[in-house]
Every structure is written in structure tokens, then in C-alpha cells.
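Same chain, two partners: subunit A is paired with subunit B first, then with subunit C.
On to the complex of A and B.
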């Protein structure tokens, strides 16, 4: 058996979302079984199946160091306030 | 619609009974199919088949126009004595071996496709509509059965089990094509396009291609005209009536 990751998308502009995983012996059966395991109540109408072996992993040691850099979280408030002040002073 | 003649009623009941029993048989794998994903898929297929049966019983109970009347449909589905059923023995026998259940699923669905095609242009509009809906579901059923056989037939132990099951089931499966009472009338009135046994060669070709099986194996068991129930039918009906017998007049 191979393990597959299942992604579903509803009709419209929503993005694909991870729905879960499943075991199947090959790609064809994975598709057939994913339909019943994840979409039998019309949870989505498009599906991506990814063989887990093909997923490229980023582990926390490599990815997480960026979590302690608050200066990369500019939410625009300071700039917005500055521009408002300039606009009001200038009028 | 001026109402179904008793002959056409018999013809539709045979189809409904087959769909009902194959659905029931598949449901008995809920919780015990070989792996979780297959459990979900097979149960869902069972539900589809029961849906087809309900649609056909509703046409019969409504005398041509489908009714939405649980008690009348239940009465057809559960209330008849064994001798009033018109099912084929293929769907009556107990299958407690997964290879057996899978081969029956494939054989039945290969025939079912042809059977719906026979009524796809039916003069009975609700029947033609049921055929269109069923075929959308059946495409998936066939892909499911073929997908499993593609994987399992080449494996030595699995392949042997499947071929043993095939040898057991083939004579009964051919019985699906036995002419049923009322068929001539159904064809004459445009309810069906032609007798179902006109599709038998097409079905045997598919079976040969799928399983690479010796043609001599296609000798049918003695035709029953769908009047003789298999010994497994009695216990099956008891299991099917387990809930309804608690309160036959309950509305669900």
C-alpha cells in the first residue's frame, strides 16, 4: 500500500485544502477510493492526490528560525498613520 | 401513464429485486472489508444499488409514476413471501469470502450496465430517468471493481482465489440473463428495447477479456425462470427483516 495526501476544492474561487490522507495500492485505486473517503457528501468537486513519497518536506529546524523576526510582520499600521497625518497636515 | 400491466410489473420487479439483494449483500461487508478505504467505498456502492432498487420499487408501487410512500415501497421490498420474489440466484447466495464478493460485484455490474442500457430509452419516462442516473453511478462502480482486479489478479494467491470464486459464480451469473416473466410485454410496449439475453454474448466477451476464462465455464446452471429461491435466500430475508419486524408500521 502507498500513502496519499488528499486535497479538495469546492466549485468557485476557494483554494485546494488538505482533506486528509489515505492508503491505496496504486494511483487508480487511490483516486477511486479517495472519492468515497473524502467526497461522498459532495465536500468538493476537484481533487488532487499526492503520493506522500513525492512531498518535499521542510522540517522545523530549517523553517522555524523565521518565527522570531517581528520586523518582518509589518501590518501597515505605522505607514497608514503616517500617510494620514501627512494628508491632514497638508490640507 | 395509464398504469403498469401486471406483466411489465413482473419485469420491473425482477430488476428491482436483483438491485435490492446485491445492495444488501454488499452492505454485509460494512466494517469487515479488507481495509478502511475499501470499507467506505464498498458500502457506498451498496447504498447506490439500494437507491436503484428503491427507484424501481417506487415505479412499481406507483403503478408507473414513482410514489414517495415508504410503506408501499417497504411492502414490496420486505413484505413479499419468498415465492413472490423474482431475484436471480447470483444475488441470493451468501458470500463470506472477499474474493467471492469482489468477483460477484464485477460480474453483476458488467451485466447491470447492459441492463440499464436496455431501458435507457424506455417509454416509461421515470424508468429512462432512473437509467440515466444509475449509469452515472455505475461508471464509478465498474472502475472500482476493475481497479481492484487489475491489482489482485496478477498476484499468485489472490489470482487463484479470484479464479476459484469465478468458477463458482459463473453458472449463477449467466442466470441474470434468463428471460423474466413479463419481458415480452415490456419489449412490445417499449418499456425495454429488446430481450436482455440479446446482450449475453457481449457480457461473456467482457468476462473472457477480464478473466481470460475457458468458454466452457459459461454453461448456465439450470434456468429457474427466477421462480426458485436459493437455499441462502431464507436466512438472507430474515436478516433483511430484522429491523422492520420490530415495528412493521413504523414510518422512517
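On to the complex of A and C.
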């Protein structure tokens, strides 16, 4: 038995989303089981199956450094202040 | 791989702040055991429910309802399948290990599946009252459950349980408008299933219950039970049926219904596998597992091949 991760995509606007997992002896049966377990009522029209052994993990510790990079954002405060000053001067 | 917590206090503060635990987090063992036991019982109940539903496929009246029962059987078995995967990932037991424990009578499943559905009226009472009770308790878990994989899979399960409950109410509506014989049959089913359905919620939640403290559940049993009574008493009475509870009281000012004293002995017996139909149900499920052994063997021995390629 292999363990697969199941991803479903609903329509053109949505991205693929993780739906769950399943055990199957091979890819062909995994597809059938995925359809019958996760897409009985048109929950998606496209299906991705990934053998769990092939999933490469990035854990929270690996991603954490990027949570502290304020220079990658702009909160717009400087511009808002400038526009407010212009409005107030003009009135 | 995932997150770690330095102490139980640290972990509980994370949960109290609305934190969601993922499968690869280093969760405290007590939490792992509690969430696993809860999921395992849910999975077992879906499977036992699915097997009962299957027994009713040939006996369901009318093609439309027969097809709906077929679909419901597939849903329940599917729910069990999804839940066993989520349970297995907690690595407390393997997926086959959970099934073996169930068929050997070593693990729990909901009280209502320890009783026998004898008539079509019973099936209607189950799909209406019991499914509604199960749905209400699942919704209370889904709303705020701290274990991410379970919460996400519940979303799918709940949407399908909604179909079952509406189908049950539609059947009850038809029976209520039926002949005197049909109405008598359903009243008998109501007499038999009212209390087991009500007891599905369990006794009052104890102070310090870990399922509540760790945000696995988000509502107390007695609150869910009371709101179920509040909903179903007036509904069943509006169809002209009698609630088999002599202690039932109505507060006309607030228009609220409160059930009388509850005898918890039947629930305790089912939890000890001593319910009226426990032995037959478990033996039946075990026989089904043995009968389908050849399918699993064929799958295990199948030559591996990729999709879309020649065998």
C-alpha cells in the first residue's frame, strides 16, 4: 500500500486545495478511490494525487525568517499622510 | 518537524489563543491520545452506521429512496475511510489496527449502533433523529476544533450529513401523511429511538473535561442535548406524534421544552458492548471484514503500475 495526498480544484478561479489522503496499492486505483472518497458530489473537476513519499516539507521553523521582513511591505502611511496634508492645505 | 512546546502550560496557552495543531507538531502525548480516541470512535461509528445502512438497501421502498440509501451507505463508509486516514496519521494505531480492534469489540462506537433497526420506521427515525444528533455534535466540534486535520475533514463530512438529515425529514413527512398503520409504525419507532438518540450526546460534561479544555470539542454535552430536545419536540408534535418522555415539561412563557430525568444505564451498557444488538453488530462487521479479505489480498498483490500506462 502507498499513501497518497489528494488535491482537488473546483473551477477556473480557485487553486488546487488539499482534500485529504488515502491508501492504495497503485496509482490507477488511487485515482478511482480518490474520486469515490473525495469527489462524490462535484467537489472538484480536477484531481492531483501525490505519493506522500514525494512531498517535500518546509516546516514552520524553515519559513519563520520571512515573517520578520517589514521592508517587504509598505503600509501606505507616508502617502496617506501626504495626501491628507494636501487636502487640508487646499480647503 | 513541526512546532514544539516547552510545557503543557505553554501548549494550553497556544490552544486557548485559538492555535491549531497540525499532524507533524510535537503535541503532548495526552493530547494526541485524547484527539485520537475521539477520531477513532467517530470513524468506527461511521463504519458501523454504513454497514447498517447497507442492510437496508434491498428493503428500502421505492427506487428514489433506494438510490438515496445506496448513496448514504457510500457516504458513511467514505466518512469512515477519511477519518481512519486522519486517525492513522496520529500514529497511535495503524489503520488495520483500528479495524481489528473494532471487530474484536475492543474499541468504542456510538450507542445508537448497538440497537437493531427492525422496521422502515426505525430507519426513518434513525436518519432523522440520530443523524440530527450526530450532526449537531459534529458541528460543535467543527466550529472550534484545535486539531487541524480533523477539523478540515469534518467540513466535508458535515455537508454530507446534512443531505442525510433532510432525506430523513422528508421520509418522516411522508409517513406522517400516510395511513394509520404507517403512523402507528413510526410512533413505535419514535418510542424505541427517542432515548438512544438523546443519549448520543452523552451525560453532562464533567468539570475539567480535557476535550473541552483542549478545544477538541467546543460545547458541553448537556447544552447540545437541550437544544436538540428544544428543536425536535415541537417538530414531532407538529406532525402529530407523541414524545415518549413522561417527565417532559414545557415552559409556556419562554416556549421551551425540557426533558425529564434520563436513565443512563442503557448508554453504559452499550459502552460496555452489552447493548441489545451489540454482539450481532460486531459479529456481522467482523464477518464482513473476513468476507472481503480476498479483495484486500488482490489489491496488495496487484502488480504496481502508473496511471495511464500499460500494465
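Methods note: the second predicted complex is superposed on the first by the 74 of 91 C-alpha atoms of A that agree within 3 Å, B and C clash if a C-alpha of one lies under 4 Å from a C-alpha of the other, contacts with A are read in each partner's own complex, and residues count from 1 in each chain.
We take it that a contact is a pair of C-beta atoms (placed from the backbone, for glycine too) under 8 Å apart; a residue touches a chain by one contact, two chains touch by 3 or more.
Remember, predicted model here, so these are calculated numbers, not experimental data.
J.: Mind working out whether A:60 is in touch with subunit B, subunit C, both or neither, as first, second, both or neither?
T.: In the superposition, A:60 contacts subunit C only.
J.: Can A:36 be said to touch subunit B (first), subunit C (second), both, or neither?
T.: both
J.: Residues of subunit A touched by subunit B versus by subunit C: which partner has the larger set?
T.: Comparing subunit B with subunit C, the partner touching more subunit A residues is C.
J.: By the touch definition at the top of the document, which applies to A:20: first (subunit B), second (subunit C), both, or neither?
T.: A:20 sits against subunit C, while subunit B stays out of touch.
J.: For A:87, using the defined touch cut-off, is the partner it touches subunit B, subunit C, both, or neither? Pick first, second, both or neither.
T.: Neither partner.
J.: Check the residue A:28 against both partner chains and state whether it touches subunit B (first), subunit C (second), both, or neither.
T.: After superposing on A, A:28 lies in contact with both subunit B and subunit C.
J.: Where on subunit A do subunit B and subunit C both make contact?
T.: On subunit A, the residues that contact subunit B in one structure and subunit C in the other are 1, 22-26, 28-29, 36-37, 40.
J.: Report the residues of subunit B in contact with subunit A in the complex, numbered from low to high.
T.: 35-38, 40-41, 44, 140, 143-144, 147-148, 150-151
J.: Touching subunit C in the complex: which residues of subunit A?
T.: Touch list, subunit A to subunit C: 1, 18-31, 36-38, 40-41, 43, 57, 59-60.
J.: Can you name the residues of subunit C that touch subunit A in the complex?
T.: Its residues touching subunit A are 1-3, 24, 71, 74-75, 78, 81-82, 85-86, 89, 95, 152-153, 156, 160, 299-300, 302-307.
J.: What does subunit A use to touch subunit B in their complex?
T.: Per the stated touch rule, the residues are 1, 22-26, 28-29, 32-37, 40.
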